[in-house]
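Labels run A, B and C following the written order; every chain starts at residue 1.
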């Protein structure tokens, strides 16, 4: 077991390293002169040279990379060009909002998907199954940002139940939560569409296995059999998809924050792009990619927790 | 006590179980034999109320006097495990792989009998001891993949016994096991039926296993019961041509390796291709004109024994005249 | 005999795809109005015989814009998925043909691709090189390479164990020739299924990027950008927020259903299930 985890850990660290190289290369090496990108083509050569010196761009690439990595490991991503404050401070400020949105989106997604998927499997081949699969097919095809706009049109513009966007800050928790309702719904409805299908087909696969018959023969009701016997055995493919969907959740959060004008990391990313603040963009892209890679690593570990057969076998 | 009368199961392709009649009293051990596809599992499932969707069940199933023919799922659920329990052929896959076997056995104790987790664990341990599981204490916290086939089958038996059922159905419990282990499992089943005064419905391909496990025997072919009687009698003097063929096909130690085993030619046809009359016609070898279209009625062959074959009726008449 | 019934998924998907592609092709030669002609006097016109779906905030004909946007969207998807599919499949075939460390290396590198969701990769590229549709194409193509490499390698590895491949090897055929003549035709089905599904994903990604301002730049019409413009006018002209979204939905649904239908038709495991 520890060998298995150690191998995964090594692969995880290697991937992170490779990701950092790609991010750094794309942002620093390939585009040519970052000073030009930041200051624009109207800038004077002196201004660009001064900026290059200030950003350390006159150093060799490898040194700059090592500097960046060393800084990042200490939590220092440099100073934002446009805000003039440390990037880590900017991230720290906006992280709680993004984290809340992603977490609530994830939780609602999983609950919704499990309920719909298991319900569909239990009604396999009957109208309930058809209806749920049709809904999920539609959910997969709807762009999250358009669904957000439709939700805003209905609940904010027409009914005026919820705010159309913006974030009042955590000072007023009720107002803060209210402004997260529509973003969470948009995120979760789209994400759960795929997961519900996976849950359904995984559950159907498990329902054919002999131990399900044993559980029924033990006099348990179909709901108990589904949730306590079938679902745990269907979790491996479900967790795999949750892990893969984490990427979708991260990008979904970036998009949704921009739709609802929520001042989180996704919004910061776009402000930084607009301001040509490459240092901040680079830090944020690295952060998001790290989250995705970490999620995939955790999924690998989760397998071992879910399935006792993997514990012994891989030693 | 279970009594079945006129039990039939029909699929879209035609009848797959016809007019089955049986009874098992407390402590009685009834065997069911027949080739693959003769409807043994379906019979067992109908006694659990677990016939697959899409099949139509008619007839009377009385369990402890309660009529279960046409009962709904909720009524059946109250009977399962508590009155009628079942173990299956595949001990490999019949246990939830993600659960410790102790928890699997404790689950019905907690949910059906309302035991506390601690009491359920103690009862599970006692069941493990009763079913002869080696190192029962340690086994409780192991997973199915850590157990051998024989041990797993014992766990399944312990699970089936958890709520003290009056009837235990064992559907080919030894088929997946090697001969030695199979022998011990059948001995265990006999002992449990005796000690608990529990009925046992023992389904098997293996005539040797049936002969050492059961008192009475039912031979099935193509969804019909073709012969029934005391196990020893039926095996000693089979009356139905199918039973004769089945016995001749049995690998006996004496014959082993010396001559080719005679077998019944062909195999059980799928339900839609079975003849309307005697299900065995077409493969029988002794058939007469009416066999294919007219269903033979049971003819008593000894007290409590009968077989359904046109030849017997003809013979009985011939003897009487 | 394999049973090949056409599923409703397949039929509905094929009809929607044909519709979207037909409109996209038509937009090249004909639109009801020139899509970019501004007529401030006639802005926010309601639907009429003249303007079937009305006009936008600059008085441009909505139908014409939606049609040209369909063309742009299909073009992006075709280029991006095409390039990703060809390169990815080539890598997958190579991995399966060579095995050993070549296969290991190709698969490790493509694992890396899964660390970057297409949208994040495109955001990174757009930040470094400036936003444009070509950046979108490159980003989606890049992210598609590992996806196709995986699919084609898995399929190819199975084909390499078939008897006729052993026969071809025994007959002295080279690995390249076998890959071309025997492996490729036999992995076409899963690759095409994947391409259809990636087409749907690509349409969604392009729409999201254009919505965020990183894709199509004005005046090139794009469903995503039309939606972002409509968002600021939501109280004024909510209808503008409906049609482009419906177009994206239709196109994505069509390719998604078609992909599912094709997979159900070609996946031998599902065929067995359906017959059982």
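One rule holds for everything that comes next: a residue touches a chain if its C-beta (ideal position, glycine included) is under 8 Å from a C-beta of that chain, and two chains touch if they have at least 3 such contacts.
Please read these numbers as outputs of a predicted model, since none were measured by experiment.
With chains as nodes and touching pairs as edges, the resulting graph is an open line. Distance between Cα centroids is largest for the pairing of chain C with B.
Distance between chain centres (mean CA atoms), chain A to chain C: 22 Å.
Centres computed as Cα averages put chain B at a distance of 56 Å from chain C.
The distance from the centre of chain A to the centre of chain B, each centre being the mean of the chain's C-alpha atoms, comes to 54 Å.
For chain C, residues touching at least two other chains: there are none. Across the complex, chain A is touched by residues 48, 50, 73, 77-82, 85-86, 88, 90, 93-98, 107-108, 111-112, 143, 145-146, 156, 159-160, 162-163 of chain B. Within the complex, the chain C residues that touch chain A are 111-112, 114-120, 123-129, 200, 204, 207-208, 211-214, 224, 227, 230-231, 234-235, 238, 241, 244-245, 248-249, 252-253, 256-257. Here chain A touches chain C in the complex through residues 15, 18-19, 22-23, 26-27, 30-31, 37, 137-138, 140-146, 149-150, 152-153, 157, 164, 244, 247-248, 250-251, 254-255, 258-259, 269-270, 272-273, 278, 281, 285, 288-289, 292-293, 296, going by the rule given at the top. Residues of chain A that touch chain B in their complex: 209-211, 213-222, 224, 229, 232-233, 306-309, 312.
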